[in-house]
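Down below are the structures I want you to see.
The two complexes that follow have subunit A in common; it is paired with subunit B in the first and with subunit C in the second.
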Partner chain A sequence: MANPSQLQAHKIGAPLMNQIKLKGVPILQQLHLEECLLRTSSHNWCIINQGTNHPTIVMGVSGKPAELLKIESVLCDQIPVVRRFTGGGTVVLDPSTIFVTFICNKDAVAGLQPYPQPILSWTGALYNKVFQGIGDFHLRENDYVFGDRKFGGNAQSITKNRWIHHTSFLWDYEVRNMAYLKLPARAPEYRLARGHLEFICRMKDYMSRSEFISRTIEAIKTHFSLRSAEAESIETSASFAGIQVKPDNKEFYSIGERLNIY
Partner chain B sequence: MASRLMWASRAASYLRISVFHRGFASVVKDLKYLDSHEWVKVEGKSATVGITDHAQDHLGDVVYVELPEVGAPVSHGSSFGAVESVKATSDINSPVSGKVVEVNEELNNSPGLINSSPYDKGWIIKVEVSNNGELNSLMDADKYTKFCEEEDGSH
Partner chain C sequence: MMIGRRILILQKRSFSSVRRILCPYTSQTPNPNPSPAQASASFRSAGSHSSILHFNAPYIAVNRSFFSSHAVADLPVGGIVDVPLAQTGEGIAECELLKWFVQEGDQIEEFQPICEVQSDKATIEITSRYKGKVAQILYVPGDIVKVGETLLKIVVEEAQVSTHVSENPTPTQEGLKNIKPCDSELTKNDICEVLSTPAVRNLAKQHGVDLNDVKGTGKDGRILKEDVLQYAFQKGSIKDPSASLTSASRRQFLGGEEDNPHPSGEVLWSYEDKTVPLRGFQRKMVKSMSMAAKVPHFHYVDEINCDALVELKSSFQSTNSDPDVKHTFLPTLIKSLSMALSKYPLMNSCFNDELLEVILKGSHNIGIAMATSSGLVVPNIKNVQSLSILEITKELSRLQQLALDNKLNPADICGGTITLSNIGAIGGKFGSPLLNLPEVSIIAIGRIQKVPQFTVDGNIYPASIMTVNIGADHRVLDGATVARFCGEWKQFIEKPELLMLHMK
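Right after this comes the complex of A and B.
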């Protein structure tokens, strides 16, 4: 039986991935951070954000509010609506959503072609390890499901040399928030015209939050050498000292200061 | 299946496309190619740009195209727009530097043209080229074909 040193030894030479753990960071700021890291960093990143601070609707890059949302309710309840830079559909996110994001160089995973389906399959295999033996987990079309009920939605953006794959996991959700969404015209086949509440399920019925995060981190470590970008989870001001980014307009700034993450 | 192959051969002949029996993506002989799978057709100072059959095949059904503004600058190897396919947006990079003089507005209503006709009706932008010298760094059809074979073979 291999001892810990032998097990760790095989990780020598594994690509490095920087891990950022956040808590309650607003989804708009998380998306700003992600796009910044995708476009201006040359490192691999994993971001885990436990919940956004306020219920927020997030549409994919081509989302049209009139087609996807019950606009009157959204306006009446003053729910923020954000368009993200990745593809995919519309989700309602809140403090019970868990976000896991991978931002990688295209050669970070040996043998992985930087196209949507291979990336999705790779993440599906990673989460297979996380949910092994739990609740009939699998990747179905482009979603993570238990049985035929979706609990994780995915979206990606692929540039010349890098890609991002981010997932919003419904650890829990408010029934009333789902009422802001119309039935989308583009839906996976397995949805079979089910309404939102018959289509989705809560991850908390299958696994605790802390167990999900620790299992996810262990699964990531089978591919990458993981390094925390900060010592502990962030609940107040984020400090990203030492991480300098250079966006296209040639200004240097610290991610934390610029994005005012708190 | 047989009639589809016959149609494909006729279409290939018309468009001067090499068709590979193993079902590889088609490559057009007179175009130049970037290693990020965009093609360019240059006629004097004018260039037409799109994504290749290899790219559309790997991306899946295109549902939205983010087009640049007419008049926007483009530069060799840099992103000028994006395509969305199901859950992913993918950058489109320009093989040439210059200025956008026309965009394919048809793609707003029919983004699937990129899948069904990547080298013809699925063209994306037309560019007034500022540096013809950059064309020398692009791949010709044979080199691009080999590039795709190596890329697919290594994964």
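Right after this comes the complex of A and C.
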């Protein structure tokens, strides 16, 4: 199984990370893939998905629709609502959202404690490199902001030996989609009393999509040795969407086999 | 203090078990989604089903733990160990329990994942430090657990290395800081095999009494507080049991011979501050009232002559042949409220402040505020516009019984369009109610009181008067609308025959 680039990586000492680049894959499929890789793989992964195919609302693991969404509008416009396996709040995703996900073994990053705050700091520092000198970027509470406006939301899940940290970046968004969300009961302090549209901003006002992705990959390479996984087999795997996610089901391995991405 | 902590757990148990019976007040309308969405790790719904099976057993088990024969300081020397919520990293004070991976009676290994919690943005798997058997689970999914609180108890095997001692401060008397007694004292009283409560062990420690020397007069030879005090008195450790604490008691706690006695822990404990974490309905009330306080309210007050209502109720009661039905004023008030709402639908609406839209609700789902042992809850009677007064009476009775038993389900609590608060049932002239969002009006009715009224020509007559206070969302409703609505409702109450006029 070892190939020359793998040997090279091990010589240098940087841990290996598999990279998956997707485009327009439905967010539900992406979440299935992420959970599968988190729970059954022993490798490190980075997934970048440029947009989901259809506007979709995604809630955190304990999200309650009645509290977070304007249900009548959602039902009327038939917007799909998904509950993800990580914590955090509610987002409306569409084809102009960019997703970046890290799935790592707990010892993948030397000295990084597998707890929410340290992981948030580490990923925050990584994106600091990406947005160096651009638009006053920082990690504010749990969000990525330019100034005091949020453009990236984060969520995590930490298991016994691994962790996942995924971000949805608002490269662009449609105002009418944001209207499906209620003001959440729990909001970050820096939001103050701002309505949603005064609280968020678009990444496209600061950086092009391709530049963001290439900078992100460069930043990851400072920590990991990146290896590209077979993207085509993931996108075209028709059976993938129909697979139920169960925590201890051997089907996870069959997904991996079909997708050829170990 | 260990005693305080144990009792607190008991109280928490009753709150959380109550909440679970209600099938979270927190999870309201079912997810309108098709099944593939649910597949995306909605482990919580699976978790909450299994949690209902749990609550009965732990509730009983908590009582058992009071009489444990095990070490007070949670040293795993072959006994039950308290496993706290840890492994969350710094800066996290509390988490929501999402699901259990184990249940009572399961054998677990060291480092095996036992549950999943959520803090802010992260879900975290908590693993077990010990190998053993799950003895008791103390929380159910949906509960908020503070970091450091005991999640569950495990029966551990012999001689496991303990890293626990530093996390669980040894029991102390109030007035003393956390003091670790010297090892020999700890060992002597804690590893003994006698039956006694932690409180009694504490007491024994204070008086330097070895429990092995005390004869227990309780059930199964259990050592009671009186037994320890009796033994200590005879031994000469206590001269006067009611003397207060001195600084010398610090030494006494460490087991030295001491002439300065101090009172038992329990007597002092009852005057301490008590922290009550808010759970279930009370917690919900914090949230909903905070949101309601942001809405600009105005209150409209009026008096309604209830003479006709009183007569109507007596008439219903006298012709009532069903022993299960008890007629009160409320059902008539509710029905007439619905009649008035038909004419003023704006009072029965919901306001969307982002889209600046008012949704005039088709159904009159009238909520009735009820005070239960777990707090304020507002179940509603659905479709009052289509119900007769008798049907309303029966439905009200059903909801009241469920509320008393804490068995209301989410369908009963959700979907209300207007709320009636009969604070008069308890007392008072009227209240100044806060809106039950997203509704735009709420009506508080006071007690019907017999007061003197004047006729036009100055004669006095008695009248049954009820004061009402209508709270309204001033972003949507103006004084004129509410005043007219109230006038309409008042008419139906003062002249109930008008209900027949509109009867369909």
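To be clear about the criterion, the second predicted complex is superposed on the first by the 223 of 262 C-alpha atoms of A that agree within 3 Å, B and C clash if a C-alpha of one lies under 4 Å from a C-alpha of the other, contacts with A are read in each partner's own complex, and residues count from 1 in each chain.
The definition used in the following text is that a contact is a pair of C-beta atoms (placed from the backbone, for glycine too) under 8 Å apart; a residue touches a chain by one contact, two chains touch by 3 or more.
Predicted model only: the values in this text are computed from it and were never measured.
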Simultaneous placement of subunit C and subunit B on subunit A, clash or fit: clash
Contacts of A:G51 with subunit B and subunit C, given as first, second, both or neither: neither
First, second, both or neither for A:Q113, with subunit B first and subunit C second: both
Touched partner set for A:T86, first subunit B, second subunit C, both or neither: both
Touched partner set for A:K64, first subunit B, second subunit C, both or neither: second
Which partner reaches more residues of subunit A (counting touched residues only), subunit B or subunit C: C
Residues on subunit A lying within both footprints (that of subunit B and that of subunit C): 60-62, 85-89, 113, 115-120, 142, 154-160
Residues of subunit B defined as touching subunit A within the complex: 36, 58-60, 63-64, 66, 77, 79, 82, 84-91, 93, 151-152, 154-155
Complex contacts: residues of subunit C adjacent to subunit A: 26-29, 31-33, 36-44, 87-92, 96, 98, 111, 113, 118-125, 127, 287, 291, 352, 354-355, 359, 414
Subunit A - residues contacting subunit C, complex: 28, 31-32, 35, 60-62, 64-67, 70-75, 80-89, 113, 115-120, 142, 154-160, 179, 182-183, 185, 195-196, 241, 244-245, 247
Residues of subunit A that touch subunit B when the two form their complex: 60-62, 85-89, 111-113, 115-120, 142, 154-160, 186
